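Next come two complexes built around subunit A: one with subunit B, the other with subunit C.
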Partner chain A sequence: MANEKKRVLIVDDAQFTRNILKNIMSKTGYVEIVGEASNGKEGIELFKKLKPDMITMDLVMPEKGGIETIEEILKIDSNALIVVVSALGQEALVLEAAKKGAKDFIQKPFKTEQIIEVLERILKKKAK
Partner chain B sequence: MISESEKNKQVISVILFEVEGEQFCIDLLTAREIIPKGQIRKLPQTFEFVEGIYNYRGDIIYIINLSKKLRLFEYKTLKKKEEAQEISEAESNKYIIVVNINNINTGFLVDRIINISHVKANAIVGLSPIFETSISIDYIKGIIKFDDRPRILLDVEKVLTEAEQTQIQKELNK
Partner chain C sequence: MSVSKDDIKLFISEAEDLIQKVEDEIFKLEKDPNNTKPIQELYFAFHTLKGLTAMGGLNNASKFCHYFESFLDNAKDKKIEDVKQDDFIRLLFDSLDLLRSILKRVKQGDMSDIEEKFLNSIKDSFEEFESGPETDISLISPITPENFKKVLDDKKNLFYKIYIRLQPTCVFKKVRLFIIIRALNEYGQIFFSKPEPHLLEQGDIKVDFELYYLSQKIDKDILQVLDEILEIENKVITPLKIDEVKALIDEDITPWFKSDKKQVSGSKAGPIQRSKIAKVQKIEDISKIVDTHEEDAKITSLKVDINILEKLMNYFSELVINKNQITQILKNKGDLELIRMFDEMDKPFLEIQEIIFDLKLVRVESTFRKYRRLVRDVGKEVGKKVQLILEGTNVEIDRKILEELNSPLIHLLRNAIYHGIETPSERKKQKKDEIGTIRLATLRKAGLIFIEVEDDGEGINYENIRKKIIEKGMYAEEEASNLTHEDLNRVILMPGFSILEDADQISGRGMGLAIVADKIKQLGGSFSIQSEEHIGTTFRLMVPFTRAILSAQLIKVAGDLFAIPTENIKQIYLYNKAMVESVGDTDYYRLDSDLIPIIDLNQYLKFDENNYKKGSDTRIAVWVKKDENISAIFLIDEILQQLNVVVKPFKFSYSDFYNILGSTIMSDGSICLILDVLSIITSYMMDNKFTKLTSIQ
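After this line comes the complex of A and B, so read on.
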């Protein structure tokens, strides 16, 4: 992994989920959480402003849901690396997100190991 | 160098799809987007496996008929008729998986998108004589041992040969 920290934006309406993701990712030492958004609309605004290396995206949120947000972010930057955060039973939504261009998914309840594996894979792609 | 234990921990996300009743996987990272098949314009002179060109977000991309490219029809005729699943025209070629092959966006025409899943790297095995594969080994990155049955992990970058990629790039630049 390159020396420079990778910049991650978290989009999730649950503060609790954002905190868990933030804690796990920050502890890796190579990730910096540059922004947090509690809905899709805010997520898009922060994406434009912060240009993060990766975005974690909840699927069900008020104002603007994850699928619509993924579509809009990829219209702004077709190379954006989006990882979907899903709950059990949301397989159809995850598939829909992948069709729109999400690059990976993390399933709740979170496992630290799973999040780190996904981070490494995605950020390796970014480094290429 | 990646140690064997590290390799065993690695996971990749794959998208599982179907062409001519056969199921294949590709690494999700290689897919840009999956779109329902839209209007594909036929080309008069090109490879027989090229279905045509498609306007993808303002870019003209080539659409590859995977069934023809992987010569799946040959395999199907070899299989006993009762084993072969007949795919009606309405069910075939419903989606385009847009992939990036050496910086050229290309579309793969497929029948059905099944799901996406995480696969442990140690569940991906090399080819061995015990596997009967429906396609040439040139296109195969590995075999994924899913719980129900193994499936082929396609090597996206090898679906088109270098010569084919060059020719397509030339045609796109015309």
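After this line comes the complex of A and C, so read on.
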């Protein structure tokens, strides 16, 4: 059991944000970052390949935006667990993402505890 | 990547087409909201615009179009709710204005993008359409006394009150509430809330709220559902007894539900109006940077200042007159060499004239199309339904005159909406179509532009006008009662007359009908009114279509000087009586195998019969031909020289009757009338003065 880490895919066009997310999550000991994508298109490819337990999703990205990406990922797997990581002031977009089926959301800039809360509340509970 | 001038030109012309397309489709959509075709077309137009603007480096503009595209994509298959239709159309129109303003900047060489804040406004506006109270109500379905019994039939149903307090740091309350409600509805149904559902769904809460929940799950399971959601600081689940639910239905839900249905004051009306206001303000943000209708009508596609063109035209006109005068003097002196040299100047003169002429002409369409929008907006303003029908939009007119016509026409259109078109309920009463119609028709005839602004509204109440002019002391009672409707029409156009005492929107704008009439007069035109009570009013404007130079053939008829546009003349013959063949009442002139109807100008202009007979032996036959249908031989007495003349509008009331194109001042200072020979032929045909030729080959 201890070895069975939760597998997370990070989709965000900013390397900086990806690094922070990665650091926080890896330190918990029970999360493994299995992939990083810098746009929606890559995100979808990696999702198909990796079948992660959770995806963190930026909304505004080149190539393919978050909303579209969420839609496509849920088409592939309607149970996919997507947590939106949005910038402030994007309430309309975040609501759209929620309506498309995103599980929950957090805002940038986020604190370590918030990420931990996401993992605790959403990821851990996913265990069947 | 550098963008060449040609690329930009192409960009502008493509964008213009698309924007026009968008406008056309909005009008279609507004007319027939149930039709999904315009939405489909708008979707494609915005899609193409998105790509175009992106290629042009206008990234925000592209995003802007993208929002439309994706919204329309969703809306394609479903009808937009009636309640929101108006706001949606308004959003479309305002966005159209925004796109136009960008295009205008691009035309001026400014490739700057849409400001970010408009992007956010538009996004939020769409948000309002997509998650307005109507759609969200489904998230909370209130239990009514009627379906309460059914709910009770299922013994497994349990009732809960769920108290939730969000973390004070929660910013996106609307999204948070959406996620909470969505999660709970997966295992049951929220049937009421405090604050009441409409407030809750708008995100209108502080930090805590209560949900009333119906589910077959036990409270522990419900807690677990909520456990998976972020930003919840505290949650308390209390089971409710059936009596408590009943009390809630009677005391809270039913009153709320009823107030909601009536859409009156109650708790529901307040917040909805508030959110509406917020929405309207957002849209107004967008409107702020776009042009007003007046500004819009300026024709900007010409790179040269229109005033410079006008100056050029005026100097050229003077030059033409001077040249004619010099030629006349040289002829008197008999200096053949100089005369020949001056004649050689005719060709470049003509060329220049044609160029100027072309530059000055523009289709009325460019300006008149914009009035559809004006009519719509003004109609909305005063709660009337009005449509504008445009006729003759391909008529060409001098740019300057078209611009000058803009404000009088706007005034007449406003006037028709304010005073002509009745309210929808009044129209219903009168068994008229709820939607009033204003017809803006343009016709070019006899060197003049005729414009009619016709409405199918109230018509002028002449009795009221009689009363008003007596009250105002303009006429004595007896005098006034003798005035015919036509007299009264003229009175309306008198300065100082206004049907309405107070400065309303119209007089407040400082332009009564008198000013319209005055403006038209300044343009060398005329203005008249025709009205019938309960049927409608027609305003007729007549203006010259240009103040141009014309190549004219001078002729003499019964000793008087006239001119015919040279371009209308096909051939000139010495009149030979033997060529005349009579069919019925009409004389025809035989030219080879053709029979051409004869119009005797001496008769047409109703000159002295004797004079006509006397001169008949040595007459001239001028063949005027436009096409197979418009063709005639004009009989005249004398043919003189050809000249470039400056056409001045001819202002006598019978000029229309005689088909006079205009007048020109001769080198000796005398006035010569220019005959519109094509219109003379047309009027002969319309009066059936020509015997039908079809029977005789």
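Methods note: the second predicted complex is superposed on the first by the 123 of 128 C-alpha atoms of A that agree within 3 Å, B and C clash if a C-alpha of one lies under 4 Å from a C-alpha of the other, contacts with A are read in each partner's own complex, and residues count from 1 in each chain.
By definition in this document, a residue touches a chain if its C-beta (ideal position, glycine included) is under 8 Å from a C-beta of that chain, and two chains touch if they have at least 3 such contacts.
Nothing here was measured: the structure is a model prediction, and the numbers come from that model.
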| item | value |
| --- | --- |
| Contacts of A:Leu74 with subunit B and subunit C, given as first, second, both or neither | first |
| Subunit B versus subunit C as contact partner of A:Lys99, first or second or both or neither | both |
| First (subunit B), second (subunit C), both or neither touched by A:Glu91 | both |
| First (subunit B), second (subunit C), both or neither touched by A:Glu113 | first |
| Which superposed partner A:Arg121 touches (first subunit B, second subunit C, both, neither) | both |
| Intersection of the subunit A residues that touch subunit B with those that touch subunit C | 91, 94-95, 98-99, 104-105, 114, 117-118, 121-122, 125 |
| Of subunit A, residues touching subunit B in the complex | 74, 78, 91, 94-95, 98-101, 103-105, 113-114, 117-118, 121-122, 125 |
| Footprint of subunit A on subunit B - complex, ascending | 9-13, 15, 28-29, 31-35, 57, 113, 115-116, 118 |
| Subunit C partner contacts - residues on subunit A that touch it in the complex | 88-89, 91-96, 98-99, 104-107, 114, 117-118, 121-122, 125 |
| Contact footprint of subunit A on subunit C as seen in their complex | 120, 123-124, 126-127, 130-131, 171-172, 174-175, 178-179, 182, 224, 227-230 |
